[in-house]
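Note that the chains take the letters A, B, C, D, E, F, G, H, I, J, K, L, M and N in the order they are written out, and that residue 1 is the start of every chain.
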Amino acid sequence: MDAATLIAVVSILTAGLTIAIGSIGPALAEGRAAAQALQAIAQQPDAANTITRTLFVSLAMIESTAIYCFVVAMILIFANPFANRAIEAASQGVGG
Amino acid sequence: MDAATLIAVVSILTAGLTIAIGSIGPALAEGRAAAQALQAIAQQPDAANTITRTLFVSLAMIESTAIYCFVVAMILIFANPFANRAIEAASQGVGG
Amino acid sequence: MDAATLIAVVSILTAGLTIAIGSIGPALAEGRAAAQALQAIAQQPDAANTITRTLFVSLAMIESTAIYCFVVAMILIFANPFANRAIEAASQGVGG
Amino acid sequence: MDAATLIAVVSILTAGLTIAIGSIGPALAEGRAAAQALQAIAQQPDAANTITRTLFVSLAMIESTAIYCFVVAMILIFANPFANRAIEAASQGVGG
Amino acid sequence: MDAATLIAVVSILTAGLTIAIGSIGPALAEGRAAAQALQAIAQQPDAANTITRTLFVSLAMIESTAIYCFVVAMILIFANPFANRAIEAASQGVGG
Amino acid sequence: MDAATLIAVVSILTAGLTIAIGSIGPALAEGRAAAQALQAIAQQPDAANTITRTLFVSLAMIESTAIYCFVVAMILIFANPFANRAIEAASQGVGG
Amino acid sequence: MDAATLIAVVSILTAGLTIAIGSIGPALAEGRAAAQALQAIAQQPDAANTITRTLFVSLAMIESTAIYCFVVAMILIFANPFANRAIEAASQGVGG
Amino acid sequence: MDAATLIAVVSILTAGLTIAIGSIGPALAEGRAAAQALQAIAQQPDAANTITRTLFVSLAMIESTAIYCFVVAMILIFANPFANRAIEAASQGVGG
Amino acid sequence: MDAATLIAVVSILTAGLTIAIGSIGPALAEGRAAAQALQAIAQQPDAANTITRTLFVSLAMIESTAIYCFVVAMILIFANPFANRAIEAASQGVGG
Amino acid sequence: MDAATLIAVVSILTAGLTIAIGSIGPALAEGRAAAQALQAIAQQPDAANTITRTLFVSLAMIESTAIYCFVVAMILIFANPFANRAIEAASQGVGG
Amino acid sequence: MDAATLIAVVSILTAGLTIAIGSIGPALAEGRAAAQALQAIAQQPDAANTITRTLFVSLAMIESTAIYCFVVAMILIFANPFANRAIEAASQGVGG
Amino acid sequence: MDAATLIAVVSILTAGLTIAIGSIGPALAEGRAAAQALQAIAQQPDAANTITRTLFVSLAMIESTAIYCFVVAMILIFANPFANRAIEAASQGVGG
Amino acid sequence: MDAATLIAVVSILTAGLTIAIGSIGPALAEGRAAAQALQAIAQQPDAANTITRTLFVSLAMIESTAIYCFVVAMILIFANPFANRAIEAASQGVGG
Amino acid sequence: MDAATLIAVVSILTAGLTIAIGSIGPALAEGRAAAQALQAIAQQPDAANTITRTLFVSLAMIESTAIYCFVVAMILIFANPFANRAIEAASQGVGG
């Protein structure tokens, strides 16, 4: 198993697990915030504007942690510096 | 076991686990948000419009984390850059 | 163990686990939403129409994450691009 | 261990685990929905018709995720395309 | 270890685990539904008929997921197509 | 390690685990149902007959999943078709 | 490691784990039922007879799942058909 | 590693784990029942006699599952039929 | 690694784990019972005598499961029949 | 497997897991804080300004732990001192 | 690896784990009892004497399970009979 | 695999896990404290100053445990004494 | 790997895990007791003296289990009898 | 792999895990205590001084368990007696 293959294998596995595990927390957190927002609207319909505005700011903040994971997964698949270096090395020889 | 086979094996395994694990969080979160929305409607039927609108925006936001996982799974199965490169390499020789 | 067999083994295992793990979240979430809908109807029978309509939209949305998993499982069993490629390779030789 | 045996072993193991793990979520979810329906009937006996109708629709929807798992398990035992291909290959030779 | 033995071992292990794991969810769910039914009867004795009827329909539906598991376990022990094929092969030679 | 020994080992291990794991769910579920029945009697002593009758039907239904596990464990120890076949094979030769 | 030793080792390990794991569920369930019975007596001292009678029937039913485990453990230690067969085989030769 | 040593090692390990794991459930269950009894006495001091009598019967019943574990552990250490047989075999030869 | 050393190693490991795991359940249970007793005294100071007497009986009963574990651990360290036999065997030869 | 490849493999795996695991806690915590803020606004609309200001300071503080993880992941992928040193060593020889 | 070293290694590992795992349960239980005592004092300041006396007896009882673990850990480090015997054996020869 | 590479690999892995695992606790704790602060402000707007001041002191104290982890991770990546020593040793020879 | 190194490795690992695992329980327990004390003071400010005195005694008692772990960790690092003996043995020869 | 390298590897891994695992408990406990303090201030603003003083003493006590872990981690990285001894041994020879 040469270096480029090994790096490819690990990158695939890591990218999948990163986004899979990394989506659990944000999803649950958004669900909780949204659920509470709905309850808050039902309890105080007059404050619906303040509530939805605060909700969307919060959802964006929570979504950011999911996006960190997505960014890392995408970097690992499409812009992986270790994989690029290994492929170059394989096609030229090291220091060739 | 040549490189293309190994990458195929890991891609299959990762794609399945990614969508399987990645669907747990969003599903539970959507369930929670929907449940709270139903309770909110029952509590304040007059605010049903605001509630369902906020619910659908929230569901879309939560669904996005499941879609990240689905996108990664689909990329790994149908547009896997590592697999394509390995197949090319196998059919031409490296740098042939 | 040749390449086609190995890919078959991993595909079977992954397909089963994908749908098995992937059905836990949606099922629990649908149960929660449905339970809350029933409670909401009992609490506010006049809003039964709004409640059941919102419930069915939510169930469809939650079911979608289970369907992502089912789709991936079916692709892995019946339309697996890696398996097809390995079988072709085995019956023709690589690039034969 | 030849290819057909290996595929058989993995298929048996996967089929069992798929239905076993896949029955946990739907069962718990149906239990929750049913329990809430019973409470709702006790709370609002006049709405018993609407409640049981909504309950049965919900149970059918939840049961569908268990049925996905059962379908995959049955496919793996009785209509496994990988196993069929391996058996044919063993009885004819590959491309014989 | 010949093929028939290996398949027998895996079938035994899988059959046991399938019914063992598969009985947890339905049992807990039935317990929950039954407990709620008893509470509902205590709360609204006049609706006892509707409640017990709904309970039994629900229990049957939940029991179905346990029965899926039991069916798969029984198939694996007494009507296992892979085991039958392996025994035939061992007693005749493959394609003899 | 010959085939009969291996099958015996796996049967013993599986039988024990099946009944051990399989008794957790039903026991907890029966405990929950019984606890709720006792609370219901305390709350509505006049409905004690209806409650205990519903309780016993429910306990029987829940016990059924424990009995599935016990049946499988007993089959694996005393009427194991794979073990019988392996012992016959060992004492006669295959097809002798 | 001959067959009889291996079977002995597995039987010891399984017997211990069976009763150990199998005592968790029933014990917790009995604790729950008993706790609820005590609360019910405190709440409705006049119904103490009905409550304790229902409690003892329920405890017996729950205890039954612990007894299944104890029976299997005892069978594995003192009346293990696989162990007996292996010892006979070792002392006589197979079919001697 | 001869047979008697191996059986001794497994017996020690199993005996310890059996009583260790097997004491968790009963202890928690007794704690729960006792806690509820104390609450019941505080709530209804006049029924203290009925409550403590029911408590002690329940504690005895719960303790029984811990005692099953202790019995199995003691059998494995001091009256292990497999170990006795292995020691006899070692000191006499098999069937000597 | 000779027999006596192996048995010593396993005895040490098992003794430690037995008392470590076995102290979790009783400690938590005693904490629960004691906490409830304190609450009961605060709620009904006149019944303090009955409460503390019932508490101490219950604590003794719960402590018994911890003592089972301690006894097994002490037996394994200081009065281990398997270890004694192995040491005798090593110093005399088997049946010497 | 040379040193640079090994370090690349471990860096990829660690970077993914770091951000994946590290996003769970902050996401859940932000969800909780946001949910409570929404409830607080509904309960006391006049204090909305104080509440949202406190919320945003808290979210920033919580987000900081996610950012620690993101920073470590980015360092491991793009500015890994160990990887740089290994690559230099490979292209020059050690101390060349 | 000679016998004394192996026993030393296992003793160190076991001693640490024993006290580490064994401190979880008692600590949590003492925390619970103490918390409840504080609540009880706040609720019924006049019974502070009875409460603190009962608390200290309970804490001593709970602490005893932690002390069992500490005793076993100390025995394993400073008065380990297996280690002493192995060291003697190493310095004299067995039965020398 | 030479010493410097091995230490690099372990340092990378440990640094990532340290900050990933170490961010869970502080994040959840800060979320809890912040959520309670928001609720407290809503309940007692007049004490907002005391509440936010106490909140920020507490957040700083909780953050300190996350910073311990971040410090250890940074030390392992950029100022690792073991790695420095190994690199010096590799470039000079030991005691050269 | 010689004896002293192995013992050093195990001592380091055990010392770290002992204090890490052993700090979870006491910390949580102290947090719980402190939280309840604060609530008790808010509820009954006049009993603040009794409450804080009881709190500090309880914290000291709980801290003791953390200190057991710290003591064991320190002994393993700085006063490890097994390590001392191994080092002596290495520098003198056994019984030299 | 020589002794000094092995000890370095284990020290790095243990130091990271120690502070990572060891920060979970204290962080959660401080979060809980702080949250309760904030609630107590909101409930009884007049007792704010007593509450914050008790809070800070408690936080210091809880922080101490995190500091134990940090101290052990720092000792393992910067003042590790085993590592120092191994390095001396490597640079001088044993007893040279």
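Throughout what follows, a contact is a pair of C-beta atoms (placed from the backbone, for glycine too) under 8 Å apart; a residue touches a chain by one contact, two chains touch by 3 or more.
Small disclaimer: the values here were computed from a predicted structure and weren't measured.
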Could you name all chains that are in contact with subunit D and with subunit K at the same time?
none
Shared chain contacts [subunit H and subunit N, defined touch]
none
The assertion on subunit C/subunit L checks that the Cα superposition rotation, as a multiple of 5 degrees, is 105
Counting in whole Å, what is the centre-to-centre distance of subunit F and subunit N, each centre being its mean C-alpha position?
48
When the centre of a chain is set as the mean of its C-alpha atoms, what distance in Å lies between subunit B and subunit G?
44
Whole-Å gap between the CA centroids of subunit D and subunit E:
11
Subunit J residues counted as touching two or more neighbouring chains
11, 13, 15, 17, 19-21, 24-26, 28-32, 35-37, 39, 41, 43, 55, 59, 66, 69, 73
Select the category (line, ring, star, complete, other) that matches the graph of chains linked by touching.
ring
Starting from subunit A, with subunit B taken as the next chain, the full ring order:
A, B, C, D, E, F, G, H, I, K, M, N, L, J
The subunit I residues in contact with subunit H across the complex are 3, 6-7, 10-11, 13-15, 17-22, 24-26, 28-33, 35-37, 39-41, 43-44, 46-47, 50-51, 54-55, 57-59, 61-62, 64-66, 68-69, 72-73, 75-76, 80-82, 85-86, 94-95
Interface residues, subunit M side, partner subunit N - complex:
1-2, 4-5, 8-9, 11-13, 15-17, 19-21, 23-32, 34-39, 41-43, 45, 48, 52, 55-56, 59, 63, 66, 69-70, 73, 77-78, 83, 87, 90-91
